[in-house]
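Dropping the structures in below, format is structure tokens.
Across the two complexes that follow, subunit A remains constant while its partner is subunit B and subsequently subunit C.
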Partner chain A sequence: MTAVPARRHEGLYFAIRNGKLLAGLVVLVPLIVLAVAGPMFVEGDPNAYVGIPASSPSAEHWFGTTMFGQDIFAQFLYGMRVTFVVGLLGGGLAAIIGMVIGFTAGYRGGLVDEVLNMLTNIVLVLPALAVLLIVNAYLGIRSVGVQALFIGLTSWPWAARAIRAQTFSLRSRDFVDLARLSGVRTWKIIVREIAPNMSSYLFMTFILLFGGSILIAASLDFIGLGPSQGVSLGLMLNNAARWSALHLGMWWWFVPPGAGITAIVGALYVTNVGLDEVFNPKLREL
Partner chain B sequence: MRRYFGRKLLVYGLTFLVAVTINWMIPRFMPGDPVQSMLARANVSQPAAVEAMRAHYTNLFGLDLPLWKQYGNFWAALFQGDLGTSIWLFPTPVTDVIMRAVPYTLALLIPAILLSWWAGNRFGAFAARRKWLDNTVLPIGYVLTATPYMWLAILLAWGLGIVAGVFPVSGGYSFAMRPNLSWEFVGDLALHWFLPFVSLFLVAFGGWAIGMRNMIIYELEADYSTYLSSLGAPQRLIRRYAFRNAVLPQITGLALQLGVLVAGALVTEIVFSYPGLGHLILQAIQNQDFFLLQGAFLFIVVGVLAANFIIDVVYVLVDPRTRTGMGGEAA
Partner chain C sequence: MLRLDGITKIYKVGAFGGRTMTAVDDVSFDLRPGEVVSLIGESGSGKTTIGRMILGLTSPSGGSITLDGARVTPGKAYYRHVQGVFQDPFSCYNPVFKVDRVLQMIKNEYFPGVAASEWEGRITESLKEVRLNPGQVLGKYPHQLSGGQLQRLLIARALLLDLRFLVADEITSMLDASTRIDVLNLLADLKSRGLGVLFVTHDLSLGNYISERAVVLYRGQVVESGPTEMVFGNPLHPYTIKLLSSVPQLTTKWDGASATLRDDGPAAPSTLVEAEPGHLVRQDDAPTRLRSVS
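Then we have the complex of A and B:
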């Protein structure tokens, strides 16, 4: 190694040299742009009947049309947006719950830790999708927001556990003791002293929760328990399977939505590993 | 060790309690009246018939009793194996319907979980720190683990089932056959089993391979590895020690992943109309058969808890630290 990067730019220095991080972002950023801006270029309702039913991809309908003549490309763009929204809200909520419980349990210790740990373990072994099946079937989920809310409420435990373990190892450090001795309030210590020291870890936890939420939402949509309004990638798969696109050979109906989900989640995972290598000096390959 | 199992069993017991309570609570406290919506679904117009049905359903749920009594009765019925009567397959008891489906789900899940875990770990350990394998094959692992289970199932059904015509794409066995103990039938079962199994296996395999690869790299960085290699130990030996250490978190990971794997099996079964629990759940949802849905839910929870317990036992056998009470990861 010749140039020694300045301490402040060290992260950036390794970030732009990390193949995994770059590869992940190269896939992710265009997809985000597509999901944000794409629907603006689609006129009207993505579920409108606009073309000849069951036609294969053409210049007019890039991804072809469904059995009923809906434009699959329009549905895809809207579905991508919904997918990101579910990931953001569900993953975000799970991250927040995980952080609150993880920090509290790890920092306070004692009885609080025992109780929160028990709660975490219970939610952890409860199979999330099975709980969501029951809840969604009875309540009849109508909006993406509500779906994300329930996903967030069930998928936080492993994050809480991991954050608790990290907090545990940080709380007896000298700088935390010093802050405590000088009378700083508990929440301030957590926010100002502990959280910044594991910020990269928290961010990566959020990324994994984001990807997980997307996959759970897709499964629910596919089973037919997704939001009853609008489109989503999982719902497109559900429709394709329900109207036997498989047997009719309409591959353009079921390939794009699944490829979209795989691309988003895969890129998130690869980005995550890249970030891990950037933040953790031990993993850097020079 | 007694403390370890005591804690685990307490968690599982409480989880079961929570699951049963959720099951009991949701129909009773959800917005709207479940009896009313069932009556609406039945679409009966005669007022006398409506009244009779209302009385029947109210009685069935025991909604006229005080809440604590309803809750007690719910548990009592549960311990007698009574999960209610299926509406979809009226008047078969839910327990029977589920029992018929469970063997199919287990036959898919158990081999898929065990084989993918074993193969993924082996492969991940092998690929770690080997340049070309790491750079070519592991990206495939990331794609596999990010693939939604149902999508891979659909692709396989389409590619190998419909286009190539090698495998059947729906059902647990051919419609022309009746279940019997002949080689022909067993072969037919295996043929129908293969594609759902492969799609479950592949997605899970990707996850294990990546997890193992990352763990091995951590272990090869550890002090004991450096010490071993400075003593001049052969690379093979160091890797063997690294593997033994890296496998422990993977066992914990298996327990964490169980819920996801079960979910994957459910949607895969739906794609292939495989007559297991997933297919049952779909039918229950489409036919608004809430007793069946709740029964399936409880069954899945109990199955996951049992599997968790088995993994705890395995962990004790594999990691000596848990036996001597020195802690270790899962303590």
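Then we have the complex of A and C:
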């Protein structure tokens, strides 16, 4: 055992000593910085035809160019930004809806639970793609925001179900009764007694939804229901696949976006395992 | 005085709540300051449900609970005077927080204006009452403390309030023999200072050790109640007699033919009759429902 951790910053004390958390952040933070700041250093449109088509990585075009002579590094930076936005908005929205419904249904039980559960199951079996086609046909709005909104509104049900089940088991624990006996209000019990017990699970839910949103966005882009303008990592992958980059040996076209998505989601997972150890005192290595 | 009058709890069971299950059936007794009442019964007899109804954690289906004549509404004002301690001390603490949290919750909800230094003094005071060393328990996680320490800390938590009645639900069943006697003596000590304690237990010897009055429950109904020495010294209901004869004695060994309790069919409607002053016994339609099986 090392020095006694200071009372207030105990979480931080264990956080900066947790290898998994640090490893995850070491990958994640540069990627976020790259996505936020990167596009500022690329002039012009990432889809502009700027170089010799299908050239491999060089000093001029770090990641090479596409079949049409677009700069892949510029696309990668812009795509990463869009991917983070879709993941954050879509995953975040789904996580919030899932938590609100899951906690309410699990804690309240009874009729409230029945109704919310029915709603959850209905959304769960909705054919999301068909709904999107109709929405698209009628509204014709195609922006990253709308795409993220749609993903968020359709991907929360399984999160709600899982959170509901966990809340069910936690609410029957005596510490919830003890909080009630202390006069603590219901929402406060949910937020401050029940949720902290599943904080790493909630974070994992968000990560899964984040990763899921990125992948759903990529498939929507592929069938032409994505944002009509711009670029995303999913769109890059799909363009690479469509123009047979793999068979032509143009590895620089599909490796950066693929590695980007893998790095983002993978780093989030590792971060989550580390956070689990920080949040849960029983898992701490003293 | 905390009074239960004809308290009933009916649960809906089965698909769509089609069937009902009566967990507690028309139970009445009262709890006065400065006395310990034992609520004795086997698993499933409804004793914990009664405790939870008194604490407002479960709402009764019928009957009333009154505190000093006023009908009880669970809430901050009520919990200031009536508190509970439960069976499993490890489950009473949120495992991801330090044990201080249960005390901090009391401060946040009831004494937000009290200065930190004064509050610390009160905690020290109340920990002293339950014979805990503040340095040994504060700032620790629940899994770092023993069951006895956790249980006493929960009692200390209740003592921070203006406590008048305590529902102690099987509080000693997870403790070893020596810690158990410590906690029991602590309850006796609190009783002598005017606290009313409802001691819920399945252990007859503990009930006998600490309580002034005993209420024996069977299948949600009171079968016998009265002063402890009457109920234990002169048990009149067949169930109580069997229950008392089924307690293993420290000096005897199993001989292969001990009495076992078997029950036949659902409980019949019944009335309580006063056998001697203060000693109520259930008159059964079928008094031989309980028989000894060898």
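Following the convention adopted for this analysis, the second predicted complex is superposed on the first by the 212 of 286 C-alpha atoms of A that agree within 3 Å, B and C clash if a C-alpha of one lies under 4 Å from a C-alpha of the other, contacts with A are read in each partner's own complex, and residues count from 1 in each chain.
The definition used in the following text is that a contact is a pair of C-beta atoms (placed from the backbone, for glycine too) under 8 Å apart; a residue touches a chain by one contact, two chains touch by 3 or more.
All values reported here derive from a predicted model rather than from experimental measurement.
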Touching partner for A:246 - first (subunit B), second (subunit C), both, neither: first
Which superposed partner A:183 touches (first subunit B, second subunit C, both, neither): second
Touched partner set for A:197, first subunit B, second subunit C, both or neither: second
Superposition-derived comparison: subunit B or subunit C, residues of subunit A touched: B
Touched partner set for A:218, first subunit B, second subunit C, both or neither: first
First (subunit B), second (subunit C), both or neither touched by A:174: second
On subunit A, positions contacted by subunit B and by subunit C: 282
Contact footprint of subunit C on subunit A as seen in their complex: 7, 173-175, 177-184, 193, 196-197, 199, 279-282
Of subunit C, residues touching subunit A in the complex: 52, 55-57, 75-76, 79, 83-84, 86-88, 91-97, 102, 105-106, 109-110, 139, 141, 143, 154
Residues of subunit B that touch subunit A when the two form their complex: 10-12, 14-15, 18-19, 22-23, 26-27, 30-31, 139, 142-143, 145-152, 154-155, 157-158, 161-163, 169, 210, 214, 217-218, 221, 255-256, 258-260, 262-263, 266-267, 270-271, 281-282, 285-286, 290, 293-294, 296-297, 300-301, 304-305, 308
Contact set on subunit A toward subunit B in their complex: 118, 121-122, 124-131, 133-135, 137-139, 158, 211, 215-216, 218-219, 222-225, 234, 237, 240-241, 246-247, 249, 251, 254-255, 257-259, 261-266, 268-270, 273, 282-283
